[in-house]
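Here subunit A shows up in two complexes: once beside subunit B, once beside subunit C.
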Partner chain A sequence: MSTPILSIITMGSIAAIFSLIIAIAYRKLKVKVDPRVEEIFSVLPGVNCGACGYPGCQNYAEAVASGAAPPNKCTVGGAEVAALVAKIMGLEAGEVERKVARVLCIGDREKSVWTAGYEGPQTCAAANVAGGAGKACSYGCLGFGDCVKACPFDAIRMNDKGLPVVYEEKCTGCGLCAEACPRDIIVIEPIEKRTYVFCSSHDSPKRSREVCSVSCIACGICVRLSPEGLEMKDNLAIVTDPEKVSDQAIEKCPTKVLFKI
Partner chain B sequence: MIKLRMKRGIHPKERKISSSKEIQEFPLPKRVIIPFSQHTGKPAIPIVKKRQEVKTGEKIGEASGFISSPVHSSVTGKVKALETVLLPNGSSSLAALIDVTGEDVLAEPTWPVKDISSLTPGEVRKITREAGIVGLGGAVFPTSVKISPPEEYPIDSIIVNGSECEPFLTSDHRLMVEHAEEIFKAAQLLKEVIKASHGYIAIEDNKPDAIEAFEKLVSGLEAWDVVSLRTHYPQGAEKSLIKVILNREVPMGGLPFHVGALVQNVGTLYAIYEAAVKGVPLTKRVVTVTGDGVPNPSNYMVRVGTNAREVLEAAGAELDNLEKIIFGGPMMGLSVKTPDIPVLKSTSGLLAIKRAYRGKVYPCLYCGRCVVVCPLQITPTRLVKYIQAGMWDQAKKFGLFNCMECGCCSYVCPSNIPLVHWIKYGKYMVRRMETK
Partner chain C sequence: MELLIVFISALLINNFVLHYFLGICPFIGVSNRLDSAISMGMAVTFVMTIASAVSWLIYYLILVPFRVEFLEIVSFILVIASLVQVVEMFIKKASPPLYQALGIYLPLITTNCAILGVALISVLKEYSFIETLVFSLGAGLGFALAITIMAGIREELEFADVPETLKGPGITLITAGILALAFMGFSGLIK
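Moving on, here comes the complex of A and B:
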């Protein structure tokens, strides 16, 4: 036999043997994948923000398909995506609570006191390590925009006075900005809740007054006027029930940090 | 006398302009602010109420765990309020504001005061605990914890740390010159407590008068040696000192007792002596007030809680013309944003700087100078690259948490990169992520 024919036969038989092994392995070791995972994943937004409580969209799709997670956890997709996911799963979508980020500080560069300069790395976290840049208030916004960098939806921007502004229509309530903020002044709350004390300072009333013109000075007027809507906790008034905050309380706030947006 | 020197590190200009000034008793302030968090570990729990009368040395905060320390009133007066105040590192802590009502009335110590030679190890540990004694070199780690190492680690050497390698500071130097005998007695006491066989007194050679004072004390004693160290920074750091004197390396994440050593700062030893012999808890410390913004550089014995503004003004500093105020030394100290911060147990110096060095930050040249000087043999340039990129796992692998923030890398960097600041930021971010 000539060499070319011999080699064709050898190579062909080797190929046949290996393909047989692969064919058997494919049958025996087959992993059953729920086709719904792929389907769910394709309708999710795919930003991997983690707002649902899972590391990424793929993990959430798997969790929904296995029944471990409800279909309405994706705050980014909102009601639309929840309905699609629910349809794939054959479930009721349930209500999706629309949440947005709120920045609880309005002490911008003009209204708060800065006692020193800062020349280190231009991030809030680094400034916070160095004693909070030069900002006298040790609770308020530092204004280097770590939250802006963290937002995958371009829903938070710095205004010209160095304070982040949340664009409600773009915000999906994923919470990445709140996580990035070293001073924990960003909260994720239902969009219907619109009344807040826009201050996060737990400083003593005297110090609060010294370091910022728009800080909660713990005077307690609002709590006295609407005791059911607010409570005083560690030198800071907190809105517990926005429905019960009276207009009078908002009007009487001496530093105007309690208001409705 | 043994002569040694450390490898790596740097030698900045010493500028010890206040080294010839005797320690002066700082006048009684009108009000003191005593934070309950002045030490490493959990903050103390307040045990005083508003309007309560307190005596000098009376306990006002109780230790809240094993690694914690009580806090004492440094004056006789009345508690005006309990409120949050600003600390040098920019964080806030609950503090007692005490208005001074009159001359000092010493409170009865909560431990037996007797002859120093008849104290048992248990009693010494109790004294250091009750008197609120913490490491005054800067780390403010509770001394009672430090002198109670686990039993499986016998300690053979005690090192008295009088190196004071930071430029400008002279508080330890003056203490050694003026109170050598007291420091040495406390050192001998601790040596008995931890059953060490040998003691070393480490002093840098830019303090010949201190070396001389201790040479006199140890002459004829077998178990003690004075070590004269070539002036270098950061030689006074615990781990560097152990490496230089004992040639032992403290393992990664380990403590000195892992290699059988105990290092105590001279200020801490003086505080132990005061507590054991006179029954006075840690309520005052030596503070060097210096810098080019201070006309009369001085060393003061300041009560803990005195407003730093008063101390700076007493030395003649014009606070309006300053660019920087630093708590501690220029290398590891904390730059503060306002002088209205109380002097703490950790405040070894107050620096008033009129003209601070500023340089534009350029990109890294990969020259490797930071790698050469790093006393802990970390590669700061690589580490900081990882931190800037947010690669926390890699950063940890490259020794993020081994860094002691001595500042040598930032000092030598020709591109003015704030390496230590980045490292501090990295530590903060990793801790934050781990707790979340």
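Moving on, here comes the complex of A and C:
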């Protein structure tokens, strides 16, 4: 018999025997999995963002089915998915706190000082390693849009002045943008919290004033006017309780970085 | 004595990861934690031994009599892929805790070139069936040894002050290189 025919027969029969073995093994060794895992997985958004604290949607579905996780951990799906998951499990859903990303820097290309040019890789991560791409402020937004690239929901875009803008209605609060930002200026906060000091700089007052016209210069006026709503920490005012920030404090901020959106 | 030499040589001197540079993908990928590295090493040893035994049988009982030895690579890949499938299903049924520990690593093994390498080399060196078993067991344990050492070093490296640009895969590859150099010291062990 000629070699080509022989090799086809040999390979064919080896393959046939192995597929038979696998087919038999599949039948004999089938393990029953909790059908609820499949059901829960099918109602989850399936983006594997990890906001629930599990590596992916499959793991979260398994954890819910086994009772290890509550049904309302998926921030992406929100109340709707929580209700569906709870229905499958026969539980009450509980409230899902809706969270969104906020960018705590408003020092765009016009308002902040740039001291050098940068022609390296056009990502924030690379620019940050290379000394900040010439942006004088070492805490502010670099504007290369790593956060935009990280967002699976198209909820964050660059404006024409090189600053990311979060579209609240699309944002799911998954936190991938906050993770992508090498300068950690994106925070994930409840949507109800709308008053922030839109600056992340811990520089000295003098330095802050020099490098950016919209930075927190740690003057302390807001803290004096609303001591219960804000606190000064390492040359930066932070809103601790948005309810207690008075209109007067917002009005008196000399660089206008404290405001309500 | 002959078997011992085959075993030691596969384990230390011609270590599959650090001498032949086979199976680098799981070696780098799964070596960031010690416990998962040990599980991966054990899973590889297990599959490697069974796969090369079955490959040996296929080679000498089917391919050689029909004079189609050139099919060895194709048929060995087939053997490894199907074997991993069956082993995975079997472990899932027989021992759920073991499946939890090994489960995610088993499909990875299908594409581990060290397994195919062991099967091919034992045919190339014309080992007998027993020698093939010992050789593949040694090679598997050698892989487990290398990945365990690597994981131990990488756990310590977490606390080291590594330059920003070398963090992650960079320092891991440098470590692997130094480890390979260290293993060269075994080369005089057997003449």
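FYI, the second predicted complex is superposed on the first by the 231 of 261 C-alpha atoms of A that agree within 3 Å, B and C clash if a C-alpha of one lies under 4 Å from a C-alpha of the other, contacts with A are read in each partner's own complex, and residues count from 1 in each chain.
To be clear about the criterion, a residue touches a chain if its C-beta (ideal position, glycine included) is under 8 Å from a C-beta of that chain, and two chains touch if they have at least 3 such contacts.
Small disclaimer: the values here were computed from a predicted structure and weren't measured.
In the overlay built on the shared chain, the residue A:202 is in contact with subunit B alone; subunit C does not reach it.
After overlaying the two complexes on the shared chain, residue contacts for A:129 are found with subunit B and with subunit C alike. Residue contacts after overlaying the shared chain place A:179 against subunit B, while subunit C stays out of touching range. Which of subunit B and subunit C touches more residues of subunit A is settled by the count: it is B.
Look at A:121: by the touch rule set out above, it reaches subunit B but stays clear of subunit C.
Looking at the shared chain after the overlay, A:15 reaches subunit C, while subunit B stays out of its contact range.
When both complexes are overlaid on chain A, the residue A:68 reaches neither subunit B nor subunit C.
The intersection of subunit A residues touching subunit B with those touching subunit C, taken from the two complexes, comprises 129.
Those residues of subunit A that touch subunit C in the shared complex are 3, 6-7, 10-11, 14-15, 18-19, 21-22, 25-26, 29-31, 129.
Only residues 58, 62-63, 66-68, 70-71, 74-75, 78-79, 82, 85-86, 89-90, 92-93, 164-165 of subunit C touch subunit A when the two sit together in their complex.
Residue ranges of subunit A in contact with subunit B, taken from their complex: 115-116, 119-121, 123, 125-126, 128-132, 134-136, 138, 179, 182, 202-204, 207, 235. Looking at the complex, you find that subunit B touches subunit A at residues 81, 83-86, 88-92, 334-338, 358, 418, 421-422, 424-425, 428-429, 432, 436.
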